[in-house]
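In the two complexes that follow, chain A is the common piece, with chain B as its partner first and chain C second.
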Partner chain A sequence: MSKLKPIAVYIARGITLLLAVSICSFILASASPINPETRYRLSHPGVSDEKVAQMRDYWGIDEPPVQRYLGWLGGILRGDWGKSTSYRQPVLDVIGVRFKTSLALMLTAWTLSGLFGFGIGSLMAVFRGRPLDRIVKRVCLFMCSIPTFWIGLVFLAVFAAMLGWFPFGLAVPAGVPPEQVTLGQRIHHLILPALTLSFLSFSNLALHTREKLIDVYDSDFALFARARGESDTKILFRHGIRNALIPAITMQFGSFAELFGGSVFAENIFSYPGLGAAVSVAGTGATDIPLFLGIVMFSACFIFAGNLIANILTNLIDPRTKEAAR
Partner chain B sequence: MNRRLSAAITAGVILAVILAIYIGGTFLPESALRADFSQKGLPPSASHIFGTDFLGRDMFTRTVKGLSISLVIGAAASVISAFIALAVGVTAAMGRGWVDHAVNWFIDVFMSVPHTVLIILISVALARGVKGMLVGVAVTHWVGLARIIRGEVMQIRGRQYIAASRRFGKSPLWIARKHILPHMVPQFFVGLILLFPHAIMHESGLTFLGFGLPPEQPAIGIILSESMKYISGGAVWLAFFPGLSLVVLVLLIDKLGNTIRYLLEPREAQL
Partner chain C sequence: MLDVKNLSLSFRMYDGAFRRRDLKVIANLNVSVREGEILAVAGSSGSGKSLLAHAILGVLPKNAILEGEMLWFGKPLDAALQKKLRGHQLALVPQSVTYLDPLMRVGRQISKEKETVKELFGRYHLQDEVARRFPHELSGGMTRRILISAALAGEPKVVIADEPTPGLSPHLAEHAMKHFREIADSGSAVLLITHDIDLAVRFADRIAVFYAGTTVETANASDFADESLLRHPYSRALWRAMPQNGFSPTDGTQPYAGSLPAGCLYAPRCAMRTPECVSAPPEPRDIRGGEVSCLYAT
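Entry: the complex of A and B
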C-alpha cells in the first residue's frame, strides 16, 4: 500500500499539470491572429459583414472565453475533440490513425537508442580512460550537438540518394494499395527515419550510462570484487549492469518529450505520415487549431505516461526504494 | 604556457571566428547572393568550396549569411531566456516555500509538452514569422538555467552574511541585489553562452519546418529545407556543408562557454 501512495500522488499532480497545459494552450491558441474569421475572409473575398457575423455566431467566437474553454474541455473529456479543418475528420480519429503509424517509428527508434546507448555506455566504462573510451566519448559529445533534421538529411543523401539502399520516404511504397503492402516493405521504409530519430537520445544515454558505471567501478564493492580476482567484464555483468540499468530505464522513459519533438523533424524529412508530420500540417498554412490543440493535449498525455511508467518502474524494480519505504 | 593562458587564447580564437562569421554575413553585399545561371548546380570545387545551388548562388556565401542570421536570433533569444532564468531562479530560491513550489509546478507544466510543439504553438499564437519564433525560443529555454541558479542561490542563502544582513533589517530585495546577484554573474554568463547552441538549433529547426524566418532569407533552416528538393538528384553538398557548418558553430560556442566557465571558476570547472 505504501508503495502505491507516491504513485497516486504523482497521478494527481499529473492531472493538475494536464489541466494547466490545457488552459495555457487554449489561451495561446485563442490569442493567435490566425483565427477562423481572418481565414474565412481570406478564402471568401468580398463576403458580406452579415454573413461573417452569422459565421461568428456559428463558431461561437463571441461567447466569453471561459465558456468556450469549458465547452472545449468538456468535449475533450467526452471524447469529442472537435473536427480537424485540414483533414476534414474528427481530431481524435486523425490522432488515432497517425499515432499508430508514429508509434511503430518511435518504438523502433526508442528501442534502438536504448540498446545502443546502454551497450556503448558500458563499452566506454569498461575501457574507461583508455583511447577507445576517449574517442567514443568525443564522438558522443559531438553527436549531442547534431540537429535531428540535419542528420536526417545526411542519411537521406547517403543511404537513399547515393547508395540507393532505402526509399526516399513515406511509410509504404507509393501506388501500392494498403492491403498489399508487406511487412518487409514497411520495415524497409521505417529504417532510415528510425535511425534518424534514435540518433537523438542515444549519445546522451551512452554518456549517462558511462558515468553511472564508472561510479560502480570506483566503489568499494567493485574494489573488493577485483581483490577476489574478478575481471572488469565480470564486474560489469555481476555488479555494473543492475546498478546502471534503473537510471537508464528511467532516462529512456523520461525521454518521451524529446522523442515526440524529434519525430516532428524525422517525419517531415521522410514524409512519414505520422503524428509528427501532422504537427507541421496543423501549424502551417490555414492553421488547424482543433487538431493542433488536440496534438498538444495528446503529447502532454504521452509524456506524462512515459514519466509515470519511469516512476512506477523505479519504485517497483529498485530494491533500495523498497527498503526506504519500509 | 599554463592552462589558464591557453584557455584564454582558445576563448579568444573562438570569439574571433564567431565575430568573423557575424561581420562577414552581416556586411555581405547583396550582389554576392545574386543568381548566376552559368554557375548553377556545381559540386564543391576550389572556386566554390561549398558548391553552388540551382540558381547558381555560391553556397559558402549563403551559409555564412545564414549563420550570421542564426547568431543574431540566437543571441537575442538566449539573452531574453537567461534573464527569465535569473528572475525565476532567484525568486524561487528567495521566496517563501509556496513561491518555490509554485515555480517548480510551473516548470513542470512547461516540461510536460514537447519543446518543438510548444515553440510552434507560441509562434502560431504570434502569427508565425521572426517575432513568433524569437519569443517561442526565448520563453522555452530558461528552465535548465533557472534550476541551476535556484540551486546556487539556495546555497548562498544559508550563509552567515545573509543572516547578518537580515538582522540589520535589510529587505529581501536589497539582499538579493547586493549579496546574491553579484554571485550569480559567472553562472549567468556561462549559462547564457551555453543556451546559445540550443537556441540556434531550435531556430534553424523551426525555420526548417516552415515556422520561422521567411523563405527569402538565406537562413540555415531555409537552405536545408530547400536542399530537400535536390537531394534525390544527387546534389548532396547542398545539405551537407551548410548543416555541418551549423554543427561546427554550435560546437564552437559550446567550447567557448566551457572555456569561459573554466576561466571564471577555475576551481569548480574542468576543461
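Entry: the complex of A and C
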C-alpha cells in the first residue's frame, strides 16, 4: 500500500507540472503576433469587417484571457483539442495519426540505443583502462556532442546519396497506394531516421552504464566474488548486469524528452511524416496555434509518462525499495 | 603452509594531475600460518588487517603496489597461483554486509548447490527461508553467519576470516569459532583477523600482534596469560588494556597510514625508545618460541 505512495506523489507533481506547462504555452501562444484574425486577414484579402467580427467571436478573441484559457483547458480535458488550421482536421486526430508514425520511429531508435548503449557500456567496463575502453570512451564522448541534425545529414549523404542503400526520406515509397506498401518497405524507410535518432542517446547510456559497471567492479561484493574464484566476465554476468540494469532502464525511460526533441530533427531531415515533422508545420509558416498547443501538451504528457514508468519500474524491480516500502 | 615475508603495501595516489605519491599502509610485515593451527592477527582499526587478507588472496585494488614475498607450501604465491587457489583452497570470510551483492538472494551467493546451503544453514541455525532473502533483509548476526557460510562452502586449505564474530551472540560466536577449530583440526589452517584479543587468546594457537601495518610480535596464545611472557612493549600495552588486567590505556595513537615513521613504528609511543629505534626498523628475532621486532625485547 505505502509502496504506491511515492508514485501517487509523483503523479500529483506531474499533474501540477502539466498545468504549469499548459499555462506557460498558452501565454506564449497568446503573446504571439500572429493570431487567428491576422491570419484570416492575410489569407482572405479584402474581407468584410462583419466577417472578421464573426471570426473574432468564433475564436473568442474578445474574451478575457483567463476565460479563454479555462475554455481551452476544459476542451483539452473533454477531448476537444480544437481544430488544426493547417490540416483542417481535429487536432487530436492529427496528433493520433502522426504519433503512430512517430512511434514506430521512436520505439525502434529507443530499443536500438538501449541495446547498443548497454552493450557497448558493458564492453568498455570489462576492458576498463585498456586501449579499447579508452578509444570507445573518446568516441562516445565525441558523439554526445554531435547534434542530431548533423548526424542525419551525414547519414543522408553517405547511405542514401553516395551508397544508395536507403531511400532519401518519407515513411513509404512515394506514389504507392497505402494498402500496397509492404512491411519491408516501411522498415527500409525507417532505418536511417531511426539510426539517426538512436545515435543521440546510445553514447550517453553507454557512458552511464560504463560508470555503473566500474562501480560494481570496484565494490566490496565484486572483491568477494573474485576472492571466491569468479572471473571478471563471470562477475559481469552474475553481478554486473543485475546492478547496472536498473539505472540503465531508469535512464532510458527518462530520456523520452531527448527522444521527442530528436525526432523533430530526424523527421524533418528525412521528411518522415510523424509528429516531429508536424511540429515544424505548426510552429513555422502556417502557425497553426491549436495544433501547436496540442503537440506541446501531448509531448509533455509523453515525457511525463516516460518518467513515471521509470519511477514505477525502479520501485518494482529494486528489492531494496520494495522491502523498504513494505 | 602460508608464509608472508617482509610484505609492504602502498597505494599509488594522485594529487591533482601529475603529482604522484605512494601511501604506505603495510610495512615489513611477517606472518606464517602452519598446518592445523588458528593464527590470530590482532590489531586495532586501520592497522591494515583487511588489506593483508586481500593481499594474500590477490584481490587488492589496481593502484596497490605489493613488495615482499608470499609462499604457499614453499612455492611463490603469485597472481596465477592465487587465481587457481581462490574459491577452492583459499577462502575469505569477508568483514561486512557490503561484501554481498545487494540485488542477489543470499542463498545463491553462498553456493549453487542447494545441499551445501542446507547443510551450512543447519549448522548455523538459519531458517531455510533466509536463503530467499536479500542482504538488506538480514540482521547483523544473520549477515555474519551468511558470510561465514559463503566462505566455507568449499573445502579450503587456508581460511582467512576477517572479523568473523562481531554481531554474533556469545553462543553463536563460540559456535563459529568451534567450526574454525574443526577446520584447523582437519589439517587446514585458519588466519583469524580480529581486534578482540580476548577472543584470540581463547581460540587461537598463536597470535600475531599487528601495529600500524606491521607485525610487532607473534606469540603463543598462552603467552597472554601474563605480561611478563610477552615480548614487545606494544603487546604488553595491549595486555594491560584488557579489562581483566586493569583496562589501562596507552597514550598516543597509532600513526596514520601514509605518515609512518622511518624506524620502529611503535617508537613514538614507546617508553623504552632510544635513538637507535628511530633510525631503522628493527629486524624480527626469535625469542622464547615467539618472534618479535624490537631491539630491546627479552
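As a working rule, the second predicted complex is superposed on the first by the 318 of 326 C-alpha atoms of A that agree within 3 Å, B and C clash if a C-alpha of one lies under 4 Å from a C-alpha of the other, contacts with A are read in each partner's own complex, and residues count from 1 in each chain.
Here is the rule we go by: contacts are C-beta pairs under 8 Å (C-beta built on N, C-alpha and C of every residue); 3 or more make two chains touch, one makes a residue touch a chain.
Please read these numbers as outputs of a predicted model, since none were measured by experiment.
K.L.:
Record, for the superposition on chain A, whether partners chain B and chain C clash or fit.
P.N.:
On the superposed model, which is not a single observed complex, chain B and chain C fit side by side.
K.L.:
Would you sort A:F292 into first (chain B), second (chain C), both or neither based on which partner it touches?
P.N.:
A:F292 contacts chain B only, not chain C.
K.L.:
Is A:H239 contacted by the first partner chain B, the second partner chain C, both or neither?
P.N.:
So A:H239 only meets chain C here.
K.L.:
Using the superposition on chain A described above, determine whether A:P319 touches chain B (first), chain C (second), both, or neither.
P.N.:
Only chain C; A:P319 stays clear of chain B.
K.L.:
Once chain A of both complexes is superposed, is A:D218 in touch with chain B (first), chain C (second), both, or neither?
P.N.:
After superposition on chain A, A:D218 lies in contact with chain C alone.
K.L.:
Just checking: does A:E63 make contact with chain B only, chain C only, both, or neither of them? Give me first, second, both or neither.
P.N.:
After superposition on chain A, A:E63 lies in contact with neither partner.
K.L.:
Determine, for the superposed model, which of the two partners chain B and chain C contacts more residues of chain A.
P.N.:
Touched residues of chain A are more numerous for B.
K.L.:
So, A:F304: does it touch chain B (first), chain C (second), both, or neither?
P.N.:
Touch partner of A:F304: chain B, not chain C.
K.L.:
With both complexes overlaid on chain A, does A:A227 touch chain B (first), chain C (second), both or neither?
P.N.:
A:A227 contacts chain C only, not chain B.
K.L.:
With chain A's C-alpha centre as vertex, what's the angle to chain B and chain C, nearest 10 degrees?
P.N.:
Roughly 80 degrees separate the directions to chain B and chain C.
K.L.:
Which partner does A:I269 reach: the first (chain B), the second (chain C), both, or neither?
P.N.:
first
K.L.:
Shortest C-alpha to C-alpha distance from chain B to chain C once the two structures are superposed, in angstrom?
P.N.:
6
K.L.:
What residues on chain A does chain C touch that chain B touches too?
P.N.:
The answer is that chain A has no such residue.
K.L.:
Mind pulling up the chain C residues that touch chain A in the complex?
P.N.:
It is residues 54, 57, 59, 61-62, 83, 86-88, 91-92, 94, 96, 98-104, 134, 136-137, 150-151 of chain C that touch chain A.
K.L.:
Okay, in this complex, where on chain A does chain C touch?
P.N.:
Contacts found on chain A: 129, 218-221, 223-230, 238-239, 242-243, 246, 318-320, 323.
K.L.:
Name, in rising order, each residue of chain B that touches chain A in their complex.
P.N.:
105, 108-109, 111-118, 120-128, 197, 201, 204-205, 208-211, 224, 227-228, 231-234, 236, 239-240, 243-244, 246-247, 250-251, 254
K.L.:
Any idea which chain A residues touch chain B in the complex?
P.N.:
13, 16-18, 20-21, 24-25, 28-29, 31-34, 142, 145-150, 153-154, 156-158, 160-162, 168, 257-258, 260-262, 264-265, 268-269, 279-280, 283-284, 287, 292, 295-296, 299-300, 303-304
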